[in-house]
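My questions all concern the structure below.
Think of it as A, B, C, D, E and F in the order they're written, each chain with its own count starting at 1.
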Amino acid sequence: MVYLTRLEHFNAAHKLYNPNWSKEKNEEVFEGCANENWHGHNFDLYVTVKGEVNPETGFVMNLKDLSKIIREHVIKKVDHKNLNLDVDFMQGKMASAEVLIVEIWKILEKQLPQGVFMHALKLYETARSFVEYYGE
Amino acid sequence: MVYLTRLEHFNAAHKLYNPNWSKEKNEEVFEGCANENWHGHNFDLYVTVKGEVNPETGFVMNLKDLSKIIREHVIKKVDHKNLNLDVDFMQGKMASAEVLIVEIWKILEKQLPQGVFMHALKLYETARSFVEYYGE
Amino acid sequence: MVYLTRLEHFNAAHKLYNPNWSKEKNEEVFEGCANENWHGHNFDLYVTVKGEVNPETGFVMNLKDLSKIIREHVIKKVDHKNLNLDVDFMQGKMASAEVLIVEIWKILEKQLPQGVFMHALKLYETARSFVEYYGE
Amino acid sequence: MVYLTRLEHFNAAHKLYNPNWSKEKNEEVFEGCANENWHGHNFDLYVTVKGEVNPETGFVMNLKDLSKIIREHVIKKVDHKNLNLDVDFMQGKMASAEVLIVEIWKILEKQLPQGVFMHALKLYETARSFVEYYGE
Amino acid sequence: MVYLTRLEHFNAAHKLYNPNWSKEKNEEVFEGCANENWHGHNFDLYVTVKGEVNPETGFVMNLKDLSKIIREHVIKKVDHKNLNLDVDFMQGKMASAEVLIVEIWKILEKQLPQGVFMHALKLYETARSFVEYYGE
Amino acid sequence: MVYLTRLEHFNAAHKLYNPNWSKEKNEEVFEGCANENWHGHNFDLYVTVKGEVNPETGFVMNLKDLSKIIREHVIKKVDHKNLNLDVDFMQGKMASAEVLIVEIWKILEKQLPQGVFMHALKLYETARSFVEYYGE
């Protein structure tokens, strides 16, 4: 079993804002992240899959195919977008890295070829903070 | 003459949109960057000053002072903000990295202690693109 | 269960020196790291916690709180310090990255809010060498 | 149990080419990687070992010894080499990162001192793609 | 005058070998880089152009256009190629970073739009070595 | 004229302390950097030389020779050392990055082969602060 990871990027706007709370409570909890006019990040998404190595190709899976799956099913929905307003799978949810990574997992786990499995997602929001998810 | 550089970060939303143009022309020129609901970046700002080395301190200037100047006069105005909507010195201007770096220069060059001079600004919008300005 | 990581930095001096050994044996085993006048590093400390995502905040825990815990309980004790001489929790111990990471774990695991658990520590001593600890 | 990691580099040429396939099929599957005149990479190899911390040294093992093992048994065989033509342990195998990492594991696991065990290998082929192996 | 930089990557094989010299002299001068079976690198190419900021776009030039110029005129000729064998503009020349950067300059300086000028090229061969060229 | 840069590392302890000042004034000016028991850094030193490209080698100068010069004349004097106590060329001087870079320049400019000239030094003290020197 070998683990293969591909990094893809996206740049998006968001805010952390709970509509069930007052503006004051939002600012107290989320501070600058609650700015009503949004802020944004360069997100780095590492997708790790695992599988046996195919002796004919030497691959767990073709990296170009993995890249294509991530771009088509995730990146084109979030890149140069507003995570709160523009992204169908984030509607009605908090636009945090934690929530986003779980939703991205749900999308990607349906797209892998037979014999290849999701192992981990790692999502950098800044160079000093990131979240990871292993599907459970 | 020694050159001293400090890196500070900010996370901001923006869009590239010329209000004198049609939506179609904006999208043709700026593509995803014209998204009306904004997108955003982790900006990295390198500020380089130059001066003689003070033999008593070994410093061109105290790095903590340089950091404080950048934070008070620039970072707190742009961090977790919308560059188009929230930033006084960007009102009525295109919110591009090129325009932003020139405006930041104008602010910082007034704040340096005697005998220390602005040399360069370098502003990363993504890991693969940045602008530089030398004041002329 | 989502994993949340925060990076904090500290700059410290240390030496690797076993007081029960001769100077010669120390230099044989630790080479330059045994220099009696110390050397030092920029240490990078990654703290990873895990927990359920709170649907009201979208957070495992507030990243600002995690940062504050690390700074108050670890960074302010080691930053711009001598690990052998200045740090209470390192007294009488070898000032290696391995020993340091285990001691940092003991401190941090007592400081997390309910429902959030330590998962991993990762401590870079140089860009080419680091240690990890998972609490067991 | 603490985990200790050392990064070593090597620069090598390779191509991805299955000699049992036609040139057309190779180019269809491997695209540019099948270029008959080779291409190459700066490979980054992270070797992670685990063990108890020796209280006399503060070490899982001496990092200089770990570095020496990796350099003597792996790096000198692959650095500034052609992975398909020059490397004994890759003869007759696909020169992919997946195959290479498994072969490197087989070599390194025989070289560790008593009480120290291989935990993981991580091999970057580019800044955006890497493989990992845990020995099973 | 603002300076705009774009980073593009390519992965290539090469060797350093002067055909007018003996094999022994090549190995003495170029050591491992003279390996007759090639080695390779992940090259990072930073292209810096300069110009006035267009007030209608906020741009020195459109970054997407700069990227396209670099990819079409340079990257597609060198990526996943052998610099000695496959690249027309390197025929009969030493395949060093110094020679390569001067040849890339000659290509790119003919491709820029009016009012935009080449300022600098920076070419990383490894993370620890790079060359720069300013056209003179 | 092509510019060639080599990066070398060293890990050192130091403190910023002016012996002509009171302890209080030192702590007021240098804060944590004045800690009497030292602190330390992983320093990154970029050495940039310039020259014509030799058509026989394709080199400004052999990178291995440049590396050897830096290591023999600078790195072995500062690596795993105390900049205030152990380094001959820093005796009686403030151990700041600014002072250090000027002293390193004086050493290196005497060591280059004919036709190759020092262009710049860049010395990182942390990932967020560095100094540069051009010899004047």
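Simple rule for what comes next: contacts are C-beta pairs under 8 Å (C-beta built on N, C-alpha and C of every residue); 3 or more make two chains touch, one makes a residue touch a chain.
The shown structure was predicted, so the numbers you read here are calculated from the model rather than taken from an experiment.
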| item | value |
| --- | --- |
| Path length in steps (a step moves to a chain that is touched) from subunit A to subunit E | 2 |
| Contact distance in steps, from subunit A to subunit F | 2 |
| Touching subunit B and also subunit D, the following chains | A, E |
| Chain pair repeating A-D, as identified from B-E, A-B or C-F when over half of the contact pairs by residue number coincide | B-E |
| Subunit D-subunit E separation of Cα centroids, rounded to whole Å | 28 |
| Rounded Å distance between subunit D and subunit F, as computed from the means of their C-alpha atoms | 33 |
| Set of subunit D residues in contact with two or more other chains | 31, 127 |
| Pairwise chain contacts, counting only pairs that touch as defined | A-B, A-C, A-D, B-E, B-F, C-D, C-F, D-E, E-F |
| Interface residues, subunit C side, partner subunit F - complex | 9, 11-14, 31-33, 35, 37-42, 79-82, 85-86, 126-127 |
| Residues of subunit A touching subunit D in the complex | 1-8, 48, 53, 55-60, 62-64 |
| Residues of subunit B touching subunit E in the complex | 16, 18, 20-21, 29-31, 93-96, 98-99, 101-102, 127-134, 136 |
